[in-house]
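What follows is a pair of complexes built around chain A, which joins chain B in one and chain C in the other.
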Partner chain A sequence: MSDRPSKRTLALPWSELVLVVGLIIAAIYMNGLSPAFLSFSNFFEITRISVETGLAALGMTLVIITGGIDLSVGSVLGLSGIVMGILHHMGLEVWLAAAIAVGTGALCGFINGQLITRAGIPPLIVTLATLAIFRGLALGISQARSFGSYPPEFLALGAGYLGSVPTQLLVFGVLALLVGLLLAKTTLGRFIYAIGNNAMAARFSGVPVNRVLVLVYTLSGALAGVAGVIFTARVSSARSDAGIGTELDAITAVVLGGASISGGSGSIVGTLLGLLLVGVVRNGLTLAFIPAEQQAIIIGSILLVAVLLNQVIRLRSRRN
Partner chain B sequence: MYVDRGRELSIIFFLVLLGIVLAVFAPGFYNARNASDILVNISYITIAAMGMTAVILTAQIDISVGAILAACSTVAGLSAKAGVPIPLVFLYAIGTGAAIGLINGLLVAYARIPSIIVTLGMLTVIRGVIILVTGGSWIYDLPANFRTVGTGSTLGLPNPVWLMLATLLVGAWVFSQTRWGRSLYAVGSNPAAARLAGIAVERTYVSVFMLSGALVGLATMAFATRFTTVQSNTGQGFEFVVITAVVVGGTNIFGGSGTALGSFLGALLVGVTGTALTFLRVSAYWEQSLQGLFILLAVALDVARKRGALNFSFRWPSSRRPT
Partner chain C sequence: MDAETSLLKLENIEKRFGGTRALRGVSFDLNPGEVHALLGENGAGKSTLIKILSGAYRPDSGRILLEGNEAGFGSPRQAQAAGIATIYQETSLYPDLSVLENLFMGHQPMRAGRIDWAEMSHRAQGLFERLGMELPLRARLGDLGKARAQLVEIAKALLQQARILILDEPTAALTTRDTERLMEVVRGLRTQGVAMIYITHRLEEVFTIADRVSVLRDGEMVGSAKAGEFDSNWLISKMVGRVAGQLFPRNPRPTGKPLLEVRHLSQPGLLEDINLTIHEGEIVGLAGLVGSGRTEVARAIFGLDSYASGEVLLEGQPLPRSPQGAIQQGVALLPEDRGRQGLILPFSLGKNMTLPLLRLGGWLGGNLEDKVFAEFSQKLDIRPPLAALLASSLSGGNQQKVVIAKWLATRPKVLILDEPTQGVDVGAKAEIHRLMDELVGQGLGILMISSELVEVLGMADRILVMHRGRIAGELPRGATQEDVMRAATGSIAAGVQA
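Moving on, here comes the complex of A and B:
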C-alpha cells in the first residue's frame, strides 16, 4: 500500500485519457448527427439537467473510494425536497427551508454512516434499506402531494442564469471544486483513499476509520439534499417521487470516471468526465431524436463496456 | 447437518404477534378471500426469491430481476398474443430469463465485474430493449387461455399458489439435499476453500444467475397472467421486494447461510404486513418505509448474532451448534 501515490499517478490519468478520447469521439459523432450540438447554449442545457445527478455523484465518489456504496441518494433527494416544500408551505422563509432541507439530507447520511459503522451492517444493505425508508417517509409525510408556489428569486436557482451560465451550474462548480480539493489535497482525502485500499491497515495506522466513514456518508447525504433543493427550484415543485433512479446515474458516472467499485481509487476529475460523457451522449441522442429509452440502452452498454475495459486493464497489469 | 432455524421462528413469532394485533383491531382481516389474496400476491415474489436465495447464498446479488420480470412478461405477452401455444409461451419466458441470467453470470464469473455493477448495467439495458421492442406501448387484450393460468384455480387453490408451493418444495430440497445446493453454501462461505475442495466456483456463479433469471421467467406465470395488460414499466421495484423477502427470511447477505423456507416466510411477512396496513387504516404510503425497517432489523440481528451479542436464540431441539 505504500506505493499508492505512484499507482495513482499511473492508473488514473490512463483511464481519464480513455474518457477524454471517448468524449471527443462522442462529441464529433453527435455533431454529425445534429449541428446544434457543439454550441455553448446547448452545452449549458446539458449541464443544467445533469447538476442533480452530478451533486449525488460527488458524494458517491467519496463513498465508492472508501469501498462503500450509497443507494439512498435518490430517496434523500426526494425527502429533502419534500421537507423543504412542506416547511415553505407552512410559511417558513424559503431559504431557511432550503437550509433545513440540506440539513435533512445530512442527517439521512449521518444515519447511514452510523448504521454502517456502529451496527456493522454492509453499506449496500444499509442504503438499500434507507432507500426504501427515506422514500417511504417522503411519500408518507407528503401523502404523495406536491408543493409549489415559490418566490421567483428561489426559482432562479433552478432556471435562471448568472451571466450566461445556469445558476445551479455555478453552485455545482463551487461544490465540485471543494470536494475535489478535499479529496486530493487534505489529510481527510488521503484517509478516504487509505480506508478504501485497506480499512484494517488504515485503522492500525491511526486513521479514525469510523469517524471518516460517518463524515463521508453525511457529506453524500448533504449533497443529495442540495440536489433536492435544486430539483425543487428547477421544476418549481417539491415532489415525493423526485430523484427516483438518481443513484444509478450517479454510480454510472463515478464508475465511468474510473473509480474502482471495490474502493481505493477514483477522483473528482474522473467523475466530472464521466458525468460529461453521460450528459453528452444523452443530449446528443436527444438532439438526434433518439428516444430516452434507447439512450438508456446505450448508456447501460457504455457502463458495462467501460467497467469491462477497466477490469481487463487491471487484470493485465496485475499479471505483469 | 446444522440448520439454524432461529430466523424462521422469529418470523413466525412476529406473524403471530401481528395476527393478534389484527384480531383485536381489525377482525375483518380474517377471511378466506383475504388469505388467498395474500398468498396469490406473494406467489411470484416467492418464486423469484428462490433464485435470489441461491444468488445471495453465493455472496452475490442480482438487482436486475425487476427488469427481467418485465422482459419475460413482455415476451410472454407478445407470444401469447401471436397465438403461440401456452406451454411454449412460458418456455419462451423462462428461456428469456435464463439467457439474461447467463449473460449476468458470465460477466460476474469470468470478467470478474462485481455483480452489483453487472446487474445494474443489465437492468438499464433490458429496460431500454423492452421499450425498443414494444415502442413503449402496453400490451393489451391478452388471450383468455393465457390469463386463466394466473386467475384460475385447481382443487380450490389459485394456480399461482400451487406454482409457488411447488417451487418452494423443489427449492428447499435442492438447497438442502443436492450436491449443487450444498456447493452454494460452500462457495458463499469461502470461495477459495470451495475451489480447493473441487467445486467449480465460476460455473456455480453462472448457474445461480441463470437460475435466478429462469425463475423470474417462471414467476411470470403467476404475474403477467393475472392482468389484462403488460405495462412497459412493469416490475419496477420488484428487485427490492425480492431482496427484502430473502434477507428478512434470514439469508445472510455475506453468503453461506439461508434457507428456502426462510425466504418464503420473509415474503409472507412482507405480504401480510402490506395488507395489514390497509386493514389497520394506515396509509399505504408508509409501506415502503416499513419494508426498509424490516431489512435493517433483520440484518442488524444477523450481525449481532455473529458478534455473539445476543445469546438467546430459538433452535429446534435436534440441532447442534457447529464446532
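Moving on, here comes the complex of A and C:
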C-alpha cells in the first residue's frame, strides 16, 4: 500500500525488442536502397567497420552507466594510432608499438578520470576539453603526416580473416565478453551501477567512488587505444584524423541499447544491439552513396529519437 | 459536530490501488480554527488521504463536503481554489529567489503591467504581523534553513487565501527550538480561524497542539478523540493495533573497555577540539541543535570528511580516514538521510544490504545476497521479506531496517546512528530501540545522534551535548530535557566533566 510510485529502471526486454524491430526495418529499407546490402560478405563488412566504434562503445557503456560521458574517445583513438605509427616508423617492433598505443589510450583516460574526480570538473567539460587537446596533440606530433608500411601479420589484424570471420571481430568479441562479465559479475560492475544510481549513497556504503571512476575512464581510454591500433591495421596507415566523430556513433549505440543518459542503467548486450543498428544504418547509407554529412544528420537524429523513446518508456513505467 | 458547522467533511471515502484497499470507508471532519492531528504508521493511508484532499487522487467512492456542499476536487488546482493547501516536508520553493519573490511566485500583484513590489512587501508584512512571524523579505531563501523555508511555505499558502492547511510532518527535520517556533505559528493560525490537519510521528506534539486526534490503521479510521481524552498508550495501541512494548527499552549494563576514542578532533569552522570515548556495551547520545556539528563529528570519524588535526582510534589503533577503511575495521555509520545517503533506492534490498561487504577487484559471490538477506530480514522482521524487491517500494520504517541490516552485516564494533528513527512510525521505532539495546548487550558501542530529545534521554547511557562545533557538556543518564537544552543553547556549560 505504499503511496510511492515504484521507480523501475528501464525494462530492458522492452527496449531490446524495439531495437530488434528497428534493426529489421532498417535492414529491409537499406536492402531497398542497395541490393548488395543483405549479403553474407556485406554483413562482415559492417561488423569490420563497426569494431572501432564498438570498442569505444564498450567503454562508453561503463562511463554512461556511472552517469558520466566520454567525448574524447575519437581523439584518443587518433592519438593512440599516431603514437603507434611514429614509434613503428622510428623502428620499434610493431606489436610493442601497438601495446604502447593502448597504454597511451589508457593514460589519456586516466587523465580524464583524475580531472573529473580530483578537480571535480563535470565529465562533459573535461572530455570536451581533452577531445580538443588529444586531437591537437595527434595533429601536432604527426605534423599531419600519415605513417604506413606495416608487416603483413599486423595488417591481418585489420583486414584478415580467421576462418570466415574478420580478425578484429574476434578481438572485439573477446573484449565485449570480458567487459560484459566485468559489468555483470564483478564487484567493480556492481559499484559502477551503484555510482550511477546514487553516488552519494555509494560513498556512504564504502564504495571507493573516485577510484572506480578513474578506472572506468582509464578503461574507456584503453579501449579507444585498441580501436586506434585496429584502425591503423585496417587502413594500413596511422592518420591524425582517425576516429573523428566516433563519440557520436558510440554514444548513439549505447543509448539505443537502453542505457539511461542520466546513469544507473545499461548493459553490454543492449549496446551490442545498438551498435549493430548504427552499423547497419551507416553501411546502408554508404552503399546508397549518401554523403557523410547527410549520414551525420541521420545518426544524430537517431540519437535524439533514442533518448526520447527512452524517456517515454521510463515515464510510463514510473506511472504504472 | 454535524455537517452544518464542519468546514470540511469526508464521508466513507474508499480508494483502491490495484488489489489493495488503501482507504476503507474513511470518514473525517475538520472544524474552523481546529488543529486535527492525523496519526498512523507508515502505510496506514495518511498520504492517500492527503492526496485525495489536495486533489491529486480521486476517491473511488464517498463524499467530500466543503461547508456542507459537495466538492469533488478533480485536480490540485481546484483544491487550491477551494482554499486547501498542503505543506509538504520538502518545500517546493525556489532557493535562489528571495523570500518575497517566493511568497508571490505565480501570483504577483501587478500595477501598470509591472510587478508591484511595494504592494507585495506591504501584504507580506501585514501577514507576518498577524502571525507574529519575522522573516527577512529580501534574504535568499536558500540561506534561511529548512525551518524558516517551511514558514515561508505556510505564509505563501495563507497569502493565497488558504483556509485549510495540511501539514505533512512539518517538524520531521526541525530542531527542538524550531519546532517551538512552528508551534507558536500554528497556535496563531488557529486563533485566526485557519483549520489544520496536522500529520506527525511525534506523539508529544499531538499533546501540545492538537484539539482532536484521529488514528488511521490499514486504511481504516480506528479511533478519534478530543484533547484531554487520550494518552500516549491509547494512541500507540490504536496505531499498532496492539499494546506496544515500551518505547525505550533499556537494560543498563556494565560497560567494557574503550572501543572508539576521538582525541582533539578539529576542523576550522566546523569542529573544535572534539574528545569522546565510546565503550563496549554503551549507548552514547550526541545531542545539540541542527548545525551544532553532530553530523560533522560522525562524518569525520567515518572518513567521509577530512579533518585538520586530532586522531580517531579504534581499540587503540588509528582508524583509516576513508569509509572503506572504517568499515573494514568495524565502524559503521547509519546516515541521517535514508533516501539519499542510506539506500540506493533503485537497487534491490539484497544488493543494498551487501554493498558495504564488497571489495574492489572481486567476483560477485553467487548467493551472498540471499544469505545476508535471509539472516537479517528475519532478525529485523523486514516486510515483505523478498531480497529482489526494490528498496524504493518499502515503507520508511522498513527502509530504515534495511539500512540497519546493511550495517549489521558488516559485523561492526561501533555503530554510529544519525537520526535512526527519523520519519519512522512508532511500531518500527520501538523495534529499532529494542534492537539497539540488544546490540549493546552483545558488546557493541553505539553513538546515537538524535534531534528528538526524548529519544536521547530514553536511550543513551551518557549524553554529550554539542554547541557551535564544540562539546559543550556531558550529562549522565537521568538528565532532564532542560539540562540538555541549556547546554545545547550554550547558556551554561552544564555538568562538564574534566
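Definition applied: the second predicted complex is superposed on the first by the 287 of 320 C-alpha atoms of A that agree within 3 Å, B and C clash if a C-alpha of one lies under 4 Å from a C-alpha of the other, contacts with A are read in each partner's own complex, and residues count from 1 in each chain.
Basically, contacts are C-beta pairs under 8 Å (C-beta built on N, C-alpha and C of every residue); 3 or more make two chains touch, one makes a residue touch a chain.
Because the structure is predicted, anything quoted here is derived from the model rather than measured.
In the superposition on chain A, contact of A:Met90 is made with neither chain B nor chain C.
With both structures placed on the common chain, the touch criterion links A:Met200 to chain C but leaves chain B unconnected.
Of the two partner chains placed by superposition, only chain C is touched by A:Thr187; chain B is not. When the two structures are aligned on the shared chain, A:Arg211 is found in touch with chain C, with no touch to chain B.
For chain A, the partner touching the most residues, choosing from chain B and chain C, is B.
In the complex of the two chains, the chain C residues touching chain A come out as 17, 20, 22, 43, 45, 47-48, 51, 219, 304, 322-324, 326-327, 333, 335, 340-347, 351, 355-356, 358-364, 390, 392-395, 406.
Residues 1-4, 6-9, 185-191, 193-194, 197-198, 200-208, 211-212, 264 of chain A are the ones touching chain C in the complex. Across the complex, chain B is touched by residues 69, 115, 119-122, 124-126, 128-137, 139-140, 143-144, 248, 251-252, 255, 261-262, 291, 293-301, 303-304, 307-308, 311-312, 315 of chain A.
Against chain A, the residues of chain B that register as touching in their complex are 61, 107, 111-114, 116-118, 120-125, 127-132, 136, 240, 243-244, 247, 253-254, 283, 285-293, 295-296, 299-300, 303, 307.
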